[in-house]
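Sending over a structure as structure tokens; questions will come in a sec.
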Amino acid sequence: MIKVSIIGATGYAGAELLRLLYNHPQVEVVHITSESHTGKAISEVYPHLRGLYDQKLISMKDLDVIAKDSDFVFIGLPHGHAMEVGKALADTNVRIIDLGADYRFDDTTVYEQWYKVPHTHKDAPRVYGLAELYRDEIKSAKIIGNAGCYTTASILALAPLVKNEFIETNTIIVDAKSGTSGAGRSPKLMNHYPEFYDNFKAYGVATHRHTPEIEQALGHLCHRKVMLNFTPHLVPMSRGILSTCYANIKQWVTPEMIDAAYNEMYGKEYFIRLLGRGGYPSTKEVRGSNFCDIGWHIDLRTGRIIVLSAIDNLVKGAAGQAIQNMNIACGLDEKTGLDITPIYP
Amino acid sequence: MIKVSIIGATGYAGAELLRLLYNHPQVEVVHITSESHTGKAISEVYPHLRGLYDQKLISMKDLDVIAKDSDFVFIGLPHGHAMEVGKALADTNVRIIDLGADYRFDDTTVYEQWYKVPHTHKDAPRVYGLAELYRDEIKSAKIIGNAGCYTTASILALAPLVKNEFIETNTIIVDAKSGTSGAGRSPKLMNHYPEFYDNFKAYGVATHRHTPEIEQALGHLCHRKVMLNFTPHLVPMSRGILSTCYANIKQWVTPEMIDAAYNEMYGKEYFIRLLGRGGYPSTKEVRGSNFCDIGWHIDLRTGRIIVLSAIDNLVKGAAGQAIQNMNIACGLDEKTGLDITPIYP
Amino acid sequence: MIKVSIIGATGYAGAELLRLLYNHPQVEVVHITSESHTGKAISEVYPHLRGLYDQKLISMKDLDVIAKDSDFVFIGLPHGHAMEVGKALADTNVRIIDLGADYRFDDTTVYEQWYKVPHTHKDAPRVYGLAELYRDEIKSAKIIGNAGCYTTASILALAPLVKNEFIETNTIIVDAKSGTSGAGRSPKLMNHYPEFYDNFKAYGVATHRHTPEIEQALGHLCHRKVMLNFTPHLVPMSRGILSTCYANIKQWVTPEMIDAAYNEMYGKEYFIRLLGRGGYPSTKEVRGSNFCDIGWHIDLRTGRIIVLSAIDNLVKGAAGQAIQNMNIACGLDEKTGLDITPIYP
Amino acid sequence: MIKVSIIGATGYAGAELLRLLYNHPQVEVVHITSESHTGKAISEVYPHLRGLYDQKLISMKDLDVIAKDSDFVFIGLPHGHAMEVGKALADTNVRIIDLGADYRFDDTTVYEQWYKVPHTHKDAPRVYGLAELYRDEIKSAKIIGNAGCYTTASILALAPLVKNEFIETNTIIVDAKSGTSGAGRSPKLMNHYPEFYDNFKAYGVATHRHTPEIEQALGHLCHRKVMLNFTPHLVPMSRGILSTCYANIKQWVTPEMIDAAYNEMYGKEYFIRLLGRGGYPSTKEVRGSNFCDIGWHIDLRTGRIIVLSAIDNLVKGAAGQAIQNMNIACGLDEKTGLDITPIYP
């Protein structure tokens, strides 16, 4: 049995980890922490878990105990805090999967620039946690910086095109839309039910912190700096992300070459379902599951490709991918604990 | 392995059976039928299942083959059609769980009165499929008439009170509210997205066919005829039922006696989570799971009890209970394939 | 021109007053106050009003100025605070319409019992602000305690039956459902978008403060004490209330007598649209308007009547009725400023 | 009084015309037609209008009568049908506002190419009905081809940039999102409530018929052919469109020049509310009103501008703009009948 603990277990990613780990045959959840709800049963904070989990939330101050009892630690803390934990656990055997941003970047100055906090663990032995693209590195990683939600959908959508140099990378635009659980569990006016019902808006235009993360991953694939626009939007629903990605196709590239590139890169990937050319993923078709559905459209008239990519922001965009990464890191079948159908309707 | 087939597999209950059975360790889904989609892959009708089920839908005309290959058959046909199937399979070894109404009634004239169709299998060896209350009969049932969604929530809410004669049964009122998946998958104006968004309404007042079903089950518990009002309402959401049940409490009954009655009847039931006196179940806390959450409130001022009961209409209200009944009928642990957490948020 | 001011203008009722008053041909909005947003333009707090209202919010400390400049003052403060304002303005000519509960009760001990605050203006010259039933008193009222949202829908639903003694008043049950704007604009976990999306629940069972208000109005109609159960529920939508009201019909009452009672009481009421026996009001059919749609169903089998009543909680349940009351009090055509169609879809 | 008739009055645009015209002080609605509901009262088809409109729907076969009795005719028929009406009324004095696509195009071969039906009224004296940009032509137009919903939002967003040659028009991408009322009132599986709740998807990628309409209007502004990508998406809400428009800014253009361009073009436009640089329009802030809210963001890092534009698809995207155009054509104040606040929440 793999012993896991969750530090910062009361955000939605934490709740989702508990849902998925409940049925993971090889995992035992040992400790769960929360600073705002220390001492409470998790089912007090998340009543849907009553009768399923009886753990009490402890404080993360007991990091030693947590480390001693765990093989893996998932960190669900806000950015800026995970690196403290990572640093404290640097000399232990515990392996870390951070669901936040602290360990996603090669270049910590990029992190500092976009996240506006100093990075205190610059030399951490870390790997970017986007399972399908960084699988080998993840196998032996000490610290995995689990990829972000929007970024996972967007990078997976564009990777085959960038890797094969099929598109002009300086024309990439990612227009993404997410359900409201992506904004977290703290009540705010913007997410107040009557405020956002029958409403739709963009936010973080040109400034969203997922921008450099997508640029980094795509840059890895084509070995040069990539600059793009990423625009997130809030959808009046609970879960789900659809990423609509645009780019100019190079003149010599044919639709067949593009189809082949997707099939080659993802044909064997269990969690990536290719809808093919002309396909229309929808967020509900992957809801509750670790799937990423991808469809692409080629506009010969304008010379552009439009790639659509749908995930569940809490599963493939957070907890599901974290467990997938843990499976990889443990040498387990990647599907372990994640082999479920989406929930429809 | 238990071999199951689903006749009429393309309604929402069918889709939900496929979701839950996917992870049932002892079940193999053999045949799935549909008359409107014969020949199609199920993933064509339900794209969320792509990559998970590759079965093609056959016609139910091949009932012999289906029966021969199956231990259990779930019927997801509209009422009036299941009895034909039941009759045709009467002399086979196949055991049947009908998710419709055809086999729910002791007295088929009641069925005919409310469903307006003649009953063609009046002497069918059938059992009412509300697991917690009819467990013994279900164990050896040939045909199980799976309880309805609203009825399951309402009967479970009231059963301890009726069994113990704590309430005046002629004062019972059930005011229930359901998400839209309960109305099925056929597009109609009432359920057209822009028509029902930001909308709420009642329907079937004094005429809903679940009325006699609740009356029958409660009548079984107190051994006399029960008559009540049941009013369904449609909520602009996907899944979930909340039943608000009212009744006058007999003068000699104390709150403690009521608490004890619920604990006694349900304390050991895995799928019934008692929130206790003052508890407020919510549909989202059971969403996607087979749980029924119950809370009750005693109004000493008016002498009434108000019981709140929440289920997922497609799980405990249909497919989940069907599988629970199948487990009982097979002698399996009742939780098999149903031991999952609700999905939140 | 009637000069009106709004004290506590930044709640949803305040915003709704501003929407409806914008097109009231005889009203000029003079002062609008807010203690939390003093100094801001109203369009800062409610951006949808940009370009339509340029007023700045002032503090209510300047009550003298406000009184001097206004013919009418609408109070949108939380309960407990309006009575201070009413007392301070007792000797002025300003007429007051309080959208809260402070002036709704004949017997202030009932208020104190349910609202848990001492009433500091017990002898206020007040009238209950449910336009259709208290019209004459409203005409000359100094202070109008605008009826509550749930209460308006419920009282209007039951009034003809109670007035004519057609039902056993001790069997009345009101099961009501409201959109989330009824809970106000303060972000709370319960109303946090991802928490309440695809969710439904009851609250305030046996304890909701609208209970005595309904009891009082019905008591006025039959001249005796009425006791009933009122159960509110939250619907995952923005606006709207549907009240489902149950009562036992007296044996000698016929359906025709009931129909006649509704027609007699409401046949000439512009804002009450009778859908008749068998009618199914829906909240969206009155959304954005001051209408109350009523339909009733008689269950001869159980001897009960079920009355359905739909309003927009912010219009007929608050701001619309307040303006209707103001029109009555000013001797204007009651429809002035309220003669609009609902917004659909 | 201006006499208007609505041909094809039972779609959502027709219902919205009836809502807005109800309070238009100069308009009398004379005839309303429907082929599917001929003979019914409009309140039978749209119960929210009960008590407000008592007209019966007639057939459009009586076109002569309709023309004789009307000054203006609004056409709410599906594309391909309006041109028959326009042709039939060519020699009458009646002025026509078509809410469909038949009269939007200068070049009818473009229409035929994208709408796949032959154009039977190629030489019609028509004007594109986007009020702010075609005001002069609209004043004396015989036939106004009311602009589409997505197109209105997108063209208004980009017009100042294109007119001033601030952007590379071959880099324009429009990513738009609409509530479900845009898809009309015919029940279809895609818009079936439980199918689309908690769901989001794109459609019509590279093929949507609004593409050439946006290209035409922008082409008018810069006097050359414009080619762009337009991608629509469906949002699980009732109303609203947000258009997110991207383009590369020419090197010599400064943010101040862009701000000035928007202010110059729209500063005096009542229905266009400029949120300025950094502004975030939301669909709910314009809901129910004829406003178009625009905000823009300049990304100096990538050299792009991102313009956000929000409208209500049924108001500024259809009925509201149609009435605005009618006001212009009649020489009335453009705000007549449209001077209302959005409805919030």
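Before moving on, here are some points about what is shown:
A, B, C and D label the chains in the order they appear, each numbered from 1.
Definition applied: a residue touches a chain if its C-beta (ideal position, glycine included) is under 8 Å from a C-beta of that chain, and two chains touch if they have at least 3 such contacts.
If you're wondering where the values come from, they're calculated on a predicted model, not measured in any experiment.
Graph distance from chain A to chain C, where chains that touch are one step apart, equals 1.
Comparing the CA-atom centres of all chains against that of chain D, the greatest distance is found for B. Between B-C and B-D, more contacting C-beta pairs join the chains of B-C.
Chain geometry summary: the mean Cα position of chain A and that of chain B are 36 Å apart. Chain B and chain C have Cα centroids lying 38 Å from one another. Chain centres here are Cα means. That of chain B falls 46 Å from that of chain D. Each of the following residues of chain A touches two or more other chains: 12, 179, 181, 194-198, 236-239, 282, 284, 287, 345. Residues of chain D that touch chain B in their complex: 12, 179-181, 183, 185-189, 191-198, 236-239. The residues of chain B lying in touch with chain C in their complex are 171, 173, 175, 177, 179, 194-203, 205-206, 227-229, 231, 233, 235-240, 242, 244, 246, 280-284, 287, 297-299, 301-302, 304, 306, 308, 310, 345. Interface of chain B with chain A (complex): residues 12, 15, 18-19, 22-23, 46-52, 181, 197-198, 238-239, 270, 273, 282, 284-289, 291, 314, 339-345.
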